[in-house]
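All chains are identified by letter, namely A, B, C and D, in their written order; residue positions are counted from 1 within each chain.
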């Protein structure tokens, strides 16, 4: 059962009873909800493909912990090839779902970073976190669990550190230490896949000062544990799922993000699931491990989105009757150039990946930060270019119901047709997909900007890298100018 | 009554009975519909302000046709100052409504371009269109009518000209010439304000070949004339109006675009409302007059949107606790620089405006095209910058109903707060406005790209301007290189 | 004699005996020097054209001070049309000389800013500077003098203010106040045309603190006054003038900049030529007046350079055999777009010019700063685009002497030919012009970046303008979000 | 002797007697010429370092052909690590010479591409070129020869193919086939290091049509073979070497490019040095092999230049007194980001390198083209940023002789000082280096644009790569939109 079937995953979620609110009401059957069924099905798709032989190399790996085949998403990355395959998995799965598979995708970063940081802690402090974590990891691998990762605190006043907030719960913290475990309180914001995962690994979201020990906490928790409250995101496009029909959604099967704000209202965590408890000096390293890994997978994900974007732009050009004219080719080439600049640097970050003390391989910091930052620009530029190519119907297409209306349906079919040999419905469906991909009806652009760290975080990382080499560059320049020998 | 009150406008719309479809059903009371009330109220706002003394100079003008005060939106632009005031009116009204006032805004371009082109036609051909149009114009001015402009044909296969389409109705055309008028058939796409205007002025949308005479047609028609069928746009964000509450909408009062696809299903137009009928050699000039004017007003509109965007970005930075730190200031400065590059060129187009034979002043073609093209980049860049500043809650904020829930309301209030002294509701409202402004919940980005002509149209216009001066530049260069004397 | 002939100007320079050093030696006949003859001839060209009827409107104006015709370069700008003509004069003269006419161009900024600031001082302080300055101005206008403007101090340690420098002469200052005048010491850096002008107007280069009175000094001085030492710039391309021939220079007639560092080694200035002496609170205003005006004229100058650049790029495309293919057209269109964004904003700064208390019209600060900043980017982008179009011969062309060599001349003629019908010499000459224009053989790019203020100065000015409107934008946004009424 | 000493290299060049012209005269002692000594010394530096143990891994390799140690520049690249080391060698050597080492650098591309293409030809055609080439290669490796590569024909009218030119010699061609060899005629333009190399490998520069057999020619020739005439490039900055002193040159030791136009005036090539003779169908493949490899090494070279540029910019900021202020840091970070985008993609091209049939490894085409194109933008942007940081003295610094003048030397020392503790001479030297690096006194920018293929060539290669994947992207998009199953 180390590779579950789609049905087994669905069944596991059905058995969970998370406290989830949306539009002010507690939801019962998540799997039937118009805004949670799509991400559930996207995760289901990953399970389904993982069971297929064609995807074995891409989506599964051999685990040294279980001795058998496990999902690549919960695999410990022990060489560059592991990073490369995991990177490809993210990119190419987007071609299939076009949305978010956070409940699997973030598993990799959360598990690997905790694996690496607990190793470091034990070695330095003589603690026993690593063995405890490995035990949890085995359980995840053996049962092929969907694991979300919860890092981003709600943060309160951003000019203040965790310990300096008026509201001390602005960052998740330990409020009680008991014999059998700890009690935590706080909230993690916009957590992809949290409510459709089986487990959530919770990590701190920033380096901490020595006196901020209560914020240095890392643990695993079931997504429906007592005291955990999920509140659903409600982006504009989600609303359409209540009033439209399949044709109106752009990416009907998978195209809803499904993140929740996860509130920890005095949640008890037993010791065997606690992987950091007060070691504030290790919070920074854990955050950094996680960031390096998830920036790599997030970069892959956005490349996949832009691949779809280029495809959609080229199709709509066909439907509009302008095919691959030189003007269209040049616009697509610009988009491709922008997009592949990001890909190239991501590959460089894999090529130059370094082994951490635990054995986990981590992408090179400079190149993955460059890749991620460039990827954000490429998404926005790509949205502009694609909207430019597609035309105003991206926003003004009528609804499926209009097309079914006896009187106006035929008129719309006649008047909204582009090339004569393409059914009008195809053209409208492609416009809807572009509406979805360019964020007019989805969260992609903003999520591209902020997922796995804001652009400023990348800028800072790049700047730091520069500071590390600049003295040498300055010396070289002085020598060349004849000032130093 | 040359300046109507808001109530008089509402009353006039109430008396109209346009055939309007949305979600497959014919709508009755437009003024009560969640997606049409906002643009109706935006137009109402313009009427309201026009009656106020503070706005007299900005929003009204002295008409040589009626001899009295008329709305600036239906005024014939007879000097540069007229252009400048009309430009400011568009920009500053956006600060109030943040949406679209097409039913008034496009009046200026439609009326002035028809005024100018009918003058040219009569002078050259000895026809009587100009007097006929002036008579219609007086009626508009005296009754302060809201006039939409319908130019954009549905176009079918874009690689083919109007006369070359398999479906001849892909461009609106004359299908019958009768003693008392003409019958037209076709459809105009994505017409802002068409269904909430009193009148629609319909113009061709491209230069025509001599043999395409049936497509050379310009006329005025009531928005509820028999045979006219409106089909509502249905962008993603509109859907929220059916499931959300006021706080969820970002720009609740005015923030829905309300364009319709206007189908002309054999519509009869009496001769006194026909202003071009077969003079295909004048279609190009009419299109050009309209494009020059509407690109100026559209540019002003988008500057206004970016003004709002900068305001919203600065407010959310405050609410997040980072106020005007140096990093925020520099990002906003970049946005401002990009935005005002467009403004400066638009002002240059007014400064260098030229008088047409009819006396209508037209913005300089080079600078208004540059301004419009730069404005599109600035919108997309601005959306990126603003999303970057605001953070992920732009997409993941919960709903008003969640905040009202007894159990989670207080928790959300606690956890989604930024700076301690700012109510959480304010922060969420500002996130929703940014969601709206950046197009995650509105049509702004795409409409910015395509309204008043696609970027390619501006590129072509700029290129043509270059071709007009390049020979001289080449000659100068040859002289300087000592090749010519 | 209010409009001198070229010969009269040459004669006036010949009679001067400035102390000028170049390559470590004192130069005698400036007019015969390979690096000073070109800028002298560029100024001569301006005198020549000013005497021609075709250029009367562009290059001369009616002076209220002399009651007659004067050079536009020494004219007091008393309305927007004055600014517009002066702007066009700068742009279009570059098409003729392709270099720098600082000894005339800067006259306008120096004279107008001193005129305006002395007016302000007298009004506020009851001093008598303005009448003194007007008397000098009349002399300039009546004798049609070439006046350089010297603002940029050498500045020493840029982290320190004038009064805070270890070396107090790092900014020019008053070292002695006498009955008959003052003695000044210091140096002004990279002053265009200083040594070929008749007079130099010297101004402070930054706002000053109250205690920095000795640095608050403005005066006029002959360019060969005792104690003034000029040291010539020595950019790479100048060197070619000693080893090459006319064909090698790109812009042989006018293409050397000819700036000097002007050292004031205890220079005596009689009172009737002193226009500010200790009024440190007015230094900022004087600097600002000067900056606004010279940024306008500098912007015009760079537009002229880019016009030449586009011309040269188009010619070399012809010579290379690729003429105006679509690819070339699109590259040139991009360059034109970038360039005219700057022009449009400069025109807007004229359109929105404001009258100072003295009556001098000043360009709008926001738009002229935007225009200048955009112009710098456009120069560098333009250099890239043009180099891209031209090809590697921009750098690797052989010399005129090689073409004259009996053995290899014919071979070069055969092998370096592009299109068969264009003489090889023409192609090489155009490559040399491009080498010159793109800065591979001239100072243009850097001078574009720094002349009339560094980019950072423009960024700051734009940021300040934003700060002035941002509160209102924020308020508008709060109202729209329903937070304020 | 498989690794020669610097002296041995110098001695070998001294023994050659190429026919070289500059400024119309035939040069005798190349090694003493101010414009050829610098590149000769740069090559000498490579020989010198290659003999040092510290550089052994970087600059030498184990040859399977000689069985011993050979220079990395003449090594056949048989795995990805070979590419990676060769890449690093190019980048880091630039830090030492800051100029061009074409006579060694291009060896790699020329030798490897000919090795690979001769292998392909023999396999397909049964010819014997490969063995012949390997024999030449061994000689090169055993004698550690400096080998230039000559690809770029003079091309004549660029709208015409080799066979379509009016002047048939516009592309180098076989004019006679003899028993003992062939006679070739034509010219190769702007060949780096040709005259200071021992051997030149000559390749075709474009794919050829079947009927263009005479242009399908590849061979090795001594740089002083009878009939070979070199004409020196004469960029602006070279001229300074005749009138200035060491301090004026920026990069005095190595900073002259030294390319020559190489005319083949009926040159006889014996059969054992002919590696392609009429096989026009293989010209394209040979060109492509060469382009892929030299784009990689050229990209590395430009990264090295930008490294120096960042160093110089940071030093001059120090000297100016503004050190690493936030503003300077952000500008340098932007330059670093732009530069490392190119590096990352170059590394990706190595990571994804493919083995050719011959065993030579070739960089991935997509990523090396992206890297090269991005690198050109980064050079120009970097020049702008650096000039912005440095200030106008980049162009207006006086000469070494001025500083030595008894009267003005002290004044210049006083007035051109920046920070008080930095000698003025250091500041001027750094300005000169920046002048050199930014191309105001060197060929770097244009050479960056055109060396190893113009930007358009990279755009085309990227576009072709896109065309190869676009159908699949389109299919994915159609499936997602529900159009295909």
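We adopt the following convention: a residue touches a chain if its C-beta (ideal position, glycine included) is under 8 Å from a C-beta of that chain, and two chains touch if they have at least 3 such contacts.
Every value quoted in this text rests on a predicted model; they were computed, and no experiment measured them.
In terms of the stated touch criterion, chain A and chain B have no partners in common.
Least step count on the touch graph, chain A to chain C: 2.
With centres taken as mean Cα positions, chain D sits 42 Å from chain A. Here the CA centre of chain C is 38 Å from the CA centre of chain D. Distance between chain B and chain D, defined via averaged C-alpha coordinates, is recorded as 54 Å.
Within chain D, residues 330 each touch two or more of the remaining chains. Remark: chain A residues 95-96, 98, 246-247, 250-253, 307-308, 310-312, 314-315, 318, 329-330, 332-333, 336-337, 340-341, 343-352, 366-367, 370-371, 373-374, 426, 429-430, 432-433, 459, 462-463, 465-466, 470, 472-478, 480-483 touch chain D in the complex.
Within the complex formed with chain B, the residues of chain A that make contact are 21-25, 152, 154-160, 166-167, 169-170, 186-187, 189-190, 229, 231-237, 239-244, 248, 257, 259, 261, 263, 265, 320-323, 327, 376-377, 380-381, 383-384, 387-388, 391-405, 407-408, 411-412, 414-420, 435, 438-441, 443, 445-447, 449-451, 454-456.
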